[in-house]
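Look at the two complexes coming up: chain A is in both, with chain B in one and chain C in the other.
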Partner chain A sequence: MKSLLKTTVAAVAFAALGSAAQAADLKACFVYVGPVGDFGWTYQHDQGRLAVEEKFGDKVETAYLESVAEGPDAERAIERFAREGCNIIFTTSFGYMNPTIKVAKKFPDVKFEHATGYKTADNVATYNSKFHQGRYIIGQIAAKQSKTGTAGYIASFPIPEVVSGINAFLLGAQSVNPDFKVKVVWVNTWFDPGKEADAAKALIDQGADIITQHTDSTAPLQVAQERGVHGFGQASDMINFAKDAQYTAIIDDWAPYYIHRVQEALDGNWNSHSSWEGLAEGHVVMAPYTNLPADVVEMAKATEAKIKDGWEPFTGPITKQDGTVAAEDGVRLDDGAILGMNWYVQGIDDKLPE
Partner chain B sequence: MFEAVLLTVITAATPLLIAAVGELVVERSGVLNLGVEGMMIMGAVIGFAVANQTGSGSLGVIAAIAAGMAMSALFGVLVLFLVANQVATGLALTILGIGLSGMIGEAFIGVPGLDLPQLYIPVLSEIPFFGPVFFQQDALVYVSFALVAFVAYGLFRTRVGLVLRAVGDNHGSAHALGYSVVKVRFLAILFGGACAGLAGAYLSLAYTPQWVENMTAGRGWIALALVVFASWLPLRVVIGAYLFGAVSVLNLHAQALEFDIPSQLLSSLPYIATIMVLVLISANRRLTLVNTPACLGKPFVPDR
Partner chain C sequence: MRIELVKRKEHSQTMALLSPVIAVALTALSAAILFSITGHNPFVGLYKFFIEPLTQQWSLEATIDKATPLILIGCGLAICYLSNNWNIGAEGQFVVGALFGCALPILYPDFENVATLPLMLLFGAIGGALWALIPALLKTRFNTNEILTSLMLVYVAGLLLDYLVRGPWRDPDGYNFPESRIFSDAATLPEVFGGAMSLSAPITIVVAVILAIVLAKTLKGFEIRVMGESPRAGSFAGFSAKRLTLFSFALAGALAGLAGTMEVSGALNQLLPSISPGYGFTAIIVAFLGRLNPIGIIIAGFVLALSYIGGEGVQSAMGVSNEIASVIQGLLLFFVLACDTLILYRIRFTSRRIADGEASHV
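Moving on to the complex of A and B:
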């Protein structure tokens, strides 16, 4: 009895605290897959959250949970936010898709936004960015700058987003040098600085003089700097780690999207949608082009401008690895084909893991 | 080519080796400290922070060792003096280390680290092949070799080592003989903490000179497995660590060479190799029992 009383008192006190914190018009909550200090994927999402705080001040309160494992933990975390009175919840990893949909069913009044997924509902929107646009540009730069004609690609998991990134990179490179080679190493992790560094070393030892990555740490770029080869930053501008090695970086900038959607939620005109924007809308940003000759910078900027004007890197002719035609000359792949890409373009010697 | 592979293997194996040798001493004294990952990550963050603030890699390394020891002292007080459950305390230490290091390291995210100078041993490093592989390494690689030699000699050739093993094998008898079980174990735990801290410093100062949260990425757990893998013998830890490093690096090279083997299979090879060796070792039951510290994980409470 006594303990029940205590619990009740605590609950009341907690509720009072909770309501005191509800002074803001809107509470925006974020669920992260990694630590906010990864200086990659999650770091960039948190920069977006901070931008929301800065923009709306006292009007919007934000909260986040970091290093939430994909799976049952995610469902608990999302549900906790929904119960705590979050009005809009951003779940920022592919593996949160089903938990998000599940919790959203129980809380029809809460708005959910799931990053990189494909399932939507009345109160669940999805959002993603066209990172492959940036990869096409760095592919062109790689082909221009490489002396060995070979780039090393450190890949995480064989999911469509990563596969389309590799393809876009090679298509960009082939537009400059049709014989360009890319060596792909799958490390089967998003984040392990040591392993990523080892992969970079292995690739350089085998003749790659350009390193690019679809993993989250700065380690590969540091190895590039140490070994005197070059590379590209991933997710955030990593120039501090590789002053002489970084040509540019593909930066994920979630701030414009988060500010836009929180604004809509405040104004009451938030609707479910599937957002997939790129360079043109500023969701993907190229870091300053450095360590490059003027003509290469010019080429990169021209391609960037072309993409901003609406050109799609996945425009035919595109031939698949097995020799079949993926897109005829001048035909652009539709969004579904890019978002679900599970084949390599011709010119990649690696076999796609299944 | 082969030389390049070997160089990468050495850097991959060194942190595992250092942490595992430390844990081996702890377990030989009869204590199971599952907090290696937590002590290692604290070593990584403190080592990076101090090196960054002072501009001195050596000071960073010393601070990392101190940080590992501080963490292990906390563990020692809990399990030896308060007789807390070792497994639970070790796990708590890991969780504490990961959380605390994230908090301390916040200011250092995105700051490039300073690279520890490579130590080129004159003359010897000029020898073709052997020179670059064995005599042009980060200073900490030599430390790891010295550490193994020190532990192997100390455990089996000195009186101190004999006492330590006696405490680990039968704390009742050791106590009856007048040895302070708690004191011996506490010192062993501190040594383990120092090694874990040093391994962490190797990660954030030599392997990948930077600080990012969670950068140990499970290496502390692998070090723990290596101790069992080595059946508590220091020289076998070297074999284990290098085998593990070699298999994981060869996986990357095999992929870059475009061997037609699924990468998932290659990635799991180090673990498959570990399991296979464990099975082989366990098959010989008598041999296993000879080397396993008999009092491993058992709390010691003196009668009076």
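Moving on to the complex of A and C:
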């Protein structure tokens, strides 16, 4: 009994000293909305965290909390990290925006980075990627490959990021086949394999032979594989889940951004900003083109190169669903219009939820 | 040979008091084993999970804050369950209460004065009560099964919230994102002590204590218990089962609605498409862990909240996965229920022949 007590006391003392024993220069912490094993959105953020660990070794310590619900749990999770000595905290879901701003006010010396939001402060930066660039490419592939001329789109929430993705997809498709159709199902979740699979089945039953998604699980692609149709990986290369079905995937590569920002924090020249980069900077990466004929691969690679050279998929002529002109021929939408997009382009077989 | 549970003639009072302690000890032991086989130091893990949250003011307040809605909803549910009314829909009553309570700061953002908060809390309680009265009325008028109706109304409430936040109540300056405007200070429940908890905690404790007194000392409390244990005896005493059904549902709904309003006003400051990580369902567990006694529910709510906060602690400090933390929470519930079962029953190993012989006597 006595020895057990001793061990316990020692363990408690060890626990208390735990943080002091590790002499890292910087602690970088990550709050995830899904499980690390979603093989989509959260998985990619965690790959970014691991890249930071690998790059900086003992100089940087990392920690993460997974499956943190958006709401009061988020605020507590962020505050916990701030209190536990994290120097820079990455909050990786849109719903963490207001909790991040709230906690940041209380901890002016801690640096916060919020993904996909629009509120910044002296110690809160935002970062996002131009996923819509990848969606334009997969739209082109879809139009080339589809026999029915219809794609099914599994969408999460009608926020600008998702709406601009649907629009970019259709603009890409229309550049190949002006009559191309896209059907949209809103599942109102970022991660729910069951719901996502049901939506995929419903869309295939309605004649879609290409499935694409703005949700985080591999389920829609697995359904596509089972039903013999095709699709695209989302956030992560999902080829292992759909060997024959995946044409390519839009990969979110957060590693360059995380390494860059942690480096700046280490060097003492971190500043708040709003980062929004895409294919050219390597923040969005296309997975290898597979299951495709050579001419389609060539087309996709040509578009990829064009975008990397600075061409913007949201370049006119663009007509809104209601028939009004969004951009004249050759005119490029400005960043604000893309980041706040709340209208569909003409040709989408859906009404934007209001 | 087989294993049987045989009802004990007498329950040991000592064991009844000791059983939660034994359950926690067994949970700790299992947790230590889990930490060990996943490659973590079991002593550090146990310390981070069960002790550390209690050692700092912030984490202690965060624990109380997490426990608050569970306790408030659990107390209302206990009244329902004691009186034999199976209200499973507290999650929906929580949401509709929040909608009623938050209508004021969303629709009349300029109405900012001392009356704002009290009115919000009042509306919240009324909203929750009205939502709860739907299954109660269906039960008393049409004899429908309240378990089903109250549960199904949870999903209706969730969709109603979703519709409002995406549509009419969406923040006009919010870039089309599905969330309401942020409440002004006048509509925000003030923080108390260190700031990790709001005024909802003291309000909840007061409500729980009042309910404990009502249950133990008043005629209404007697009525609730009698009607639960023996409705026939109760009807001879002049109590009306229907009136009590309406009363207990309305009370439980009001408390859930109050909890919802306080959660949104104090913690979120705005309506979001999802405002509860399942408080209304977890509160059912809390009500039974607390043995349907308001004081017991305070303790049960706190212990359950501790397991959430501790779970986060081991995740962030040791990289233990979220699943391990959930398993430990599950083990805690399992051991509490198992220990309680063994107070009422004992295990008997019997051969099939004897068991069959006994069965023929029944």
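Miscellaneous remarks
Criterion: the second predicted complex is superposed on the first by the 334 of 354 C-alpha atoms of A that agree within 3 Å, B and C clash if a C-alpha of one lies under 4 Å from a C-alpha of the other, contacts with A are read in each partner's own complex, and residues count from 1 in each chain.
The working rule: a contact is a pair of C-beta atoms (placed from the backbone, for glycine too) under 8 Å apart; a residue touches a chain by one contact, two chains touch by 3 or more.
Note that the structure is predicted; figures quoted are calculated from it, not measured.
After alignment on the shared chain A, the placement of chain B and chain C results in a clash.
Of the two partner chains placed around the shared chain by superposition, neither chain B nor chain C is touched by A:A235. Look at A:P353: by the touch rule set out above, it reaches both chain B and chain C.
Applying the stated contact rule after C-alpha superposition, one finds that A:Y118 touches chain C and leaves chain B untouched.
Of the two partner chains placed by the overlay, only chain B lies in contact with A:D38; chain C stays clear of it. In the overlay built on the shared chain, the residue A:D198 is in contact with chain B alone; chain C does not reach it.
By the touch criterion defined above, A:N188 reaches both chain B and chain C. In the superposed three-chain arrangement, chain B is struck by just one stretch of chain C from 222-230, 330-338 or 348-356, namely 330-338. Chain A residues 35-36, 67, 188, 353-354 lie at the interface with chain B in one structure and with chain C in the other. Residues of chain C touching chain A in their complex: 41, 43-44, 47-48, 51-52, 58-59, 62, 65-66, 162, 166-167, 175-179, 182, 195-196, 263, 267-270, 272-277, 309, 312-313, 315-317, 319, 321-323. Of all the residues in chain B, the ones that touch chain A in their complex are 1, 4-5, 7-8, 11-12, 15, 102, 105-106, 109-112, 115, 203, 207-210, 212-215, 217-219, 248-249, 252-253, 255-258, 260, 262-264, 267.
Interface of chain A with chain C (complex): residues 7-8, 10-12, 14-15, 18, 29, 35-36, 63-67, 69-73, 75-77, 79-81, 83-84, 94-95, 98, 102, 106, 118, 157-160, 163, 188, 339-340, 342, 353-354.
The part of chain A that touches chain B in the complex is made up of residues 34-39, 43, 67, 152, 183-189, 191-199, 201-203, 205-206, 208, 217-219, 222, 226, 236, 240-241, 349-351, 353-354.
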